[in-house]
Amino acid sequence: MPQLFFAGLSVIVAGGLAALVPSRTPGRMERVFAALVAAGCVLVALAALRVLVGGDAWEVRVAASVPGGAWVFGIDALSAFFLVAIAGVGAAAAVYGATYLAAERSHGGVPFAHAAVAVLLVTLALVVTARAVVPFLLAWEVMAIANFLLVMFDHERADTRRSGIIYLVATHTATLTLIGMFAIWSASAHDLTFASLARAASTPAAGLGAVLVLALFGFGVKAGFVPLHFWLPGAHAAAPSHVSALMSGLVIKTGIYGLLRVIALAGGAPEWCGWTLLGLGVVSGVLGVVWALAQHDIKRLLAYHSVENIGIILIGMGVGALGTAYGLPAVAALGYAGAILHVLNHAVFKGLLFLGAGAVTRAAGTRRLDALGGLGRLMPMTWLAFLLGSVAIVGLPPLNGFVSEWMIVQALLGAGLGKGAIRAAVFGVAALGLIGGLALACFTKVNGVVFLGRARTAEAAAGREVGPGLFVPMLGLAAVCTLIGLLPAFVVRPALAAAEVVIGGDAGAHTVDPGTGAAWVGAAAAALIAFAAMGWVAYRVLMRDRSRVVAQTWGCAFSNPTPRMQYTATSFAAPVLEPFGAVAGLSVSHQGEEYRTHPRDPWLEGVILPAWRRLRAAVARAQELQLGRLHVSLLYVFATVVALLWYLASRQVP
Amino acid sequence: MTLLHALVLLPALGALGAAVHRTEAYRTGWLLVIAALHLVLTGLAWTGAPPPTLGGWIALDAIGLIVLTVVSVLFAAVAVYAVGYLRRENPRGGRAFVSCLLAFLSAASLVALSHHFALLWIGLEATTLAVAPLIFHRHDRRSLEAVWKYLMLSSVGIALALLGTFLLAASQSVSGDAVRPLVLEDLMAGAPQLHPAWLKAACVFLLVGYGTKMGLVPLHAWKPDTYAVAPGLVAGLMAGVLTMIAFLGLTRITQVMIAAGLGGFVTPLLLTFGLASLAVGAAFIIGQSDLKRMLAYSSVEHMGLLTLGLGLGGGSAYGALLHAVNNGLAKGLLFLTAGNVVLAAGGVAGDQRGLLRRAPASAILLLAGLLAVAGSPPFGTFLSEFTIVRGAFGAGHPWIGAAALLCLAVAFVGMARLIVPMVYGTSAEPGGREARGGENAWLVAGPVALALGVLLLGLFVPPALQRQLAAAAAVLGGRAP
Amino acid sequence: MSWSPLVAFGVTLLVAPALPGVATRTRSFLTGRRGPPVLQLYYEIAKLLRKRAVYSATTTWVFRAGPIVGLAAAVLSACLLPLDGRGALAGFPGDFVLFAGLLALGRFGLILAALDTGSSFEGMGASREAMVGAFAEAGLFLSFTALVMATGQPALTGMLGAPLAAGWSASLPALVMIGVSLFVLLLAEASRVPVDDPATHLELTMIHEVAVLDQSGPDLALVLYGSALRFTLLAALTALVLAPRGALAAPAALVALPMGLLVIAAVVGVVEATMARLRLNRVPQLLVATSALAAFAMILVLARS
Amino acid sequence: MSGPAELVLLLVVLASFLVLGTARLSTGVRAVAFQGVLLGLVPLLLFPTWSWHRAALAAGTMAIKGVIVPRFLLWAIREAAVRREMEPRLGYVPSLLLGTVVLAVAFALAGRWPVPEGGGTLLVPVAVATVVHGLLVLTASRKAVTQVVGYIMMENGIYLFGLTQAERVPFLVELGVLLDVFVGVFIMGIVVFHINREFDSIKASRLVEGAE
């Protein structure tokens, strides 16, 4: 239902404009902004749900006066699924942001930041609904630019500027790659709508191989899987927390959406593409979580977990692509559906976690893990939300992260039980296991070091619970995590519908019965919660009439432990990281009795930046030829004339 | 006197008027009025194609109309800017400055309108002469060197172009005397009868001549120095207008060659020049520390893109013409803004920091310009570059398309690394120059208008313009994508 | 739904605390000591449940929730195993992911409870628990996947029940390897030698023991029972792989269940008696080697069909 | 095409060689002036019939190229106290050799072109050779003055070719005069700013900028 959708977008835009309106009473316009954006997101979500539930996909054509034909927008199950994620997380982040940035009103950029958030949300929605090259690329780049401006919000800090430039360069290069991709593809198409791209895909002239490679690069940079993740951690850490939530939850997912859409238009990805996706998924899944373990900065840590989760999503997509390539529709459906569902799940719990990180940063004034501690008792709401988010991201029952991982595992098993080379894909299960185990280590570390034990610094000790403006959105997202965990069937079916868009036709429809399995998972989650609750009650009853003895923590005969004696994040992660050696990207330094580890991204610091420096040096050498001496320039002219005369002579047949 | 005469004569008279006028206020007002009138006349030209005059020496076809429009629009923006500029930096009353500006406009319009190769050549030489004093506005040693270099190289180019013109005439001499010599229409009409040997020779020398004025590698050496020392608005005029009309000269000879069925001769040359300019321009953008110098290389790069599009033909030719428009606007925007930065903070544009705080308008314009010149949506440059690249793939030159995109990426990295730190941060950065305010409406209005223009062209290319572009591309063996 | 799975479930919960006892007893016997009685753990749990609990001032609700969640997860995972060799109380395709997830959840709760005390000792233990878990997970998943590949059954009931028994001899070598790797995982999960030494007295060398240092009273009882239950479940798993009872009739299978468990426990004891515990930084290598073993088993299976 | 015309064209070539070969600046200038005068003769010799237009052309050419510009240049040399050597970058002998090669190539090339009516077989190659000789001097020269000399030579070559079109195309050759405007500008530049060297002196600064 186009009207609803575009109405929603315009309401969001109105919200953005409202943020720019100066008002005498501070915060009024921010509230208006939050309300309008939330309302707009609700409308967009409704429009999407109509398609997901009702199944009536639509397309509208806008006659645009630019070369390349009409602009088409539309919502099908795939777009709708992404739209739901965008609307949900977007609303939460916007509401959160309205309060979160209030502390920095002196900064002056705050209204513009809010407006940029609105623009970001609108362009996100347009990216996943555009059905023609030009509007897609327009929305795509405007999204990137708005995102860049938001990353630069705190631009007085040098590292922010550095991250911002790296981000800008990366994203623009990605856009150029996409331009190249669409150029190749559309060269044989008769106009630039996705429909005719799909038609052209059947012709060999389309050069689908090149298209897919370019798509992998262009969308891959946005999605941020290894080795294209280099921009991601810095940018996520530099941006304001609610923006980090939007980036990690939504923006990088547009890369995934782009890949899925390209696969859908190309009529399925070939075998090599499936294996590539799977391989990339395993690599970035494992490396992402390993590098996350090495971090000392809570936001960088979460950012690396985005790399990890993109890896999990890619594993699902890879096995899905292999499913189609090997004619196993059920595997394809499960794989793609698992990936798509994980997109939603990750959007929710990673958004939640970044918002939590923001709350912690506000409360304790630092992002350094080893400077925090004991915040759990000071900010119980944030702690609860963050804990739920952690359980979800580790993929533990009874929350939503488990559901999507379960689906992906099933797809992998299906591949393993298939015929031919595809069976090798089953090793992906092991990768998922390893990833899960490492993620558990990482998030026990975060929760333990940030929220448990005792405060390591005075600032942390002074931390107070944030206002409802911050924790209500977090709790809302946490509730979503729990609901999806308890009632998976309600999301699994739409995910399968979206997967069918990718596969084309209703190949997966009859082969997969999501109902029973999902119902079991939900039941198990419920049972678990019930058991735990019963245990808790029983425990209460048992302890009812016993007095509680409260003492100091047992220090193994050491009388008075101080907060500084607590286990730090570094020491917690050390034994897990040690086996990974150099891959872990930790550089260790001893100063006297002080022992520090410095996380460094082996790819960015070790490969990309040195390569760039070498290029600059080479160019500097080349510029020696070009010192602007007049006679040299004249020599060039002379040489050109001679060369051209020679060409002339060679082309003159009397 | 018809519209076409007016387009040329009005600015010429304006130049005289500015030269004789005593008081400066009059002079700037004069400048504004002429620019406005010229704009109006150009608008009139869009309403209906005026008839050729001077025995067909002066006429207005699709390409001419497009070029004329860019010239007029850009000049109007520059004129507005000039008012603010002359208030801030005006060593000698600006008499020579204003009259040279107007003379330049007159010559440029002449080039856009001339359908006679000798007339075209005269116009181009006149622009060369008119710009020289403008570059030399500051009268210091560096600008003297730059002017000398500019004059020397471009007059060599002009001379070679004249030789090319002679050769063209010679090629015509074979085909009967009924034809009007060197008149475009007759050349096109009688193209098959033209003597190929002379024609090829003519093509080569015109290519070198006008290529030098466009600044194609390796004939570009004058560009960085000249743009670096010239005042922002002059550099803007050169990068936007001068290169544009030189490109027109290039398209003229190309169109004759194609009509004569010698496209196979000229295409490799265009592709070679185009790729060379793209690559060198992109590579030299990296690590420039002077904004205007860097923009000069960016101009080289984009001239390469235009030439490439011309050589590729097909949809790329259309894209090239559209890109000529977009690039003109974008370059004007950036050079005017660079001028603002220099006025606001002094020193070389490039060592300022934290402009967002001190000169917000210029800072935002810089960012917009960066994106616009890099061809990122929603700016018009995106559409044109996409069309060119798409045409390259369509014409079966995938590697050329890939190379173009690679160069654009490299160029963007270089530009972002210079511009982003200028815009953001605080002026307390190490090595950063204290950025002072001091923008006024005159200085901001022009670039803002240009920014809006290039932005608009990304979202909406007026149907009329599309028609003209299609017609122009058709002459160059191209078509609307 | 027949009654036997329910009975098997009950039996398992019942005998769980005996297994560590058996293991310890075997070990002491082999090392020429008497050792504590087999039922020692029952006594301890009973005693602890009657005592009061001492809580560190630093701790929050997490400290108390940890053991409960761990136990709940363990109990629920018990429902997923076909303990009687034929059918589980609950089962669905891919339920082994849930099984592994529940074990992980238990570890999650335990680690957080340990960190809640803010003690460096328990932090140390927690970190080691996390390390063991991280490297054990892949092996566990691989073993299960290999079973799925061997039997073609995506659910635990199938892959450990009748179908396994049917195709057992066919893929014996692979299954033996899987069994071995599951056994090593059991040692890791239940923190026995060579991964951990429950009998050591120096906190600095402990893993599990030091992580629950501050637990006391009923909480400690829950912890003890929970880890015993996890021990039992993995033992059951190993037993089911090495000796599928899918063929047996229900009563026989039910009798065979505790037998199998006790045998596994005894073997654990033998291992403890014959091996020294590894240096901590060798533990990951052991676990990775286990995963490699499981992977090899999987390759065998894939190659065979 | 008559004998005298051929003779004149040969003299034009010799003048170019003189410029390439001489060490004295004034000699170079005079050679160029001589070349200008010769150019003035060419139209009269190419077309034996009398026409006022051609006569005027001849007179104008001789006046401007033969007298005014060279005088102006010599005056400039005195004004700006330019040192009196040509001092090309590649010595005199190499320039001469290169010049010969250029001439040969020009003839080889011109063989493939048709003969413009009026202009004899010699005219085109001589014109092309003169242009390239001019470029040669221009490129090789160290100082502004010699650059101007080279420029004039190149211009003469172009003009020479233009003469073949003088009959058919009105005003075309007259355009050549506009190039002399450039020459005037350059000479003024020399005089006003005392440019006696090409800008190597302040290259140091540029070196730094260029390299960064």
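Labels A, B, C and D are assigned to the chains in the order they are written; within every chain, residues are numbered from 1.
The criterion applied here is as follows: a contact is a pair of C-beta atoms (placed from the backbone, for glycine too) under 8 Å apart; a residue touches a chain by one contact, two chains touch by 3 or more.
All figures in this text were calculated on a predicted structure; none of them were measured in a lab.
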Shared interface partners, meaning chains that touch chain A and chain D: B
Steps needed, at fewest, to go from chain A to chain B via touching chains: 1
Far-end chain from chain C, centres as C-alpha averages: D
Contact-richer chain pair [A-C vs B-D]: A-C
Approximate Å spacing (C-alpha centroids) for the pair chain A, chain C: 36
Chain B and chain D, separation of their C-alpha mean positions in angstrom: 31
Rounded Å distance, chain B centre to chain C centre (Cα mean): 77
Distance between the centres, which are taken as Cα means, of chain D and chain C, whole angstrom: 99
Shared interface positions of chain A, touching two or more other chains: 620, 623, 626, 628, 630, 634, 637, 641, 645, 648, 652, 654
Shared-contact residues (touching 2 or more other chains) in chain C: none
Multi-partner residues of chain D (at least 2 other chains): 112, 135, 138, 147, 199, 206, 212
Chain-chain contacts as defined at top: A-B, A-C, A-D, B-D
Contacting residues of chain A [partner chain D, same complex]: 620, 623-624, 626-631, 634-635, 637-638, 641-642, 645, 648-649, 652, 654
Chain B-facing residues of chain A, complex: 64-68, 134, 137-138, 140-142, 145, 152, 155-156, 158, 161, 164-165, 168-169, 172-173, 175-177, 179-180, 182-184, 186-188, 207, 210, 612, 615-616, 619-620, 622-623, 626, 628, 630, 632-634, 636-637, 639-641, 644-645, 647-648, 651-652, 654
Chain A to chain C touching residues, read off their complex: 373-374, 376-377, 391, 394-397, 402, 405-406, 409-410, 412-413, 416-417, 423-424, 426-427, 429-434, 436-438, 440-441, 444-445, 447-449, 452-454, 516-517, 520-521, 523-524, 527-528, 531-532, 534-536, 539, 542-543, 546-556, 561, 563, 565-567, 571-576, 578-579
Of chain C, residues touching chain A in the complex: 49, 52-60, 62, 64-65, 68-69, 71-73, 75-76, 79, 90-95, 97-98, 100-102, 104-105, 107-108, 111-112, 115-121, 123-124, 126-128, 130-131, 133-142, 144-145, 148-149, 152, 154, 203, 213-214, 218, 222, 280-281, 284-285, 288, 291, 295, 298, 302
In the complex, chain B residues that touch chain A: 148-149, 152-153, 156-157, 160, 197, 200-201, 204, 207-208, 212, 218-219, 221-222, 224-225, 265, 269, 283-284, 286-287, 318-319, 322, 356, 371, 374, 376-378, 382-383, 385-387, 389-390, 392-394, 398, 401-402, 405, 408-409, 412-413, 416-417, 420-421, 424-426, 458-463, 466, 480-481
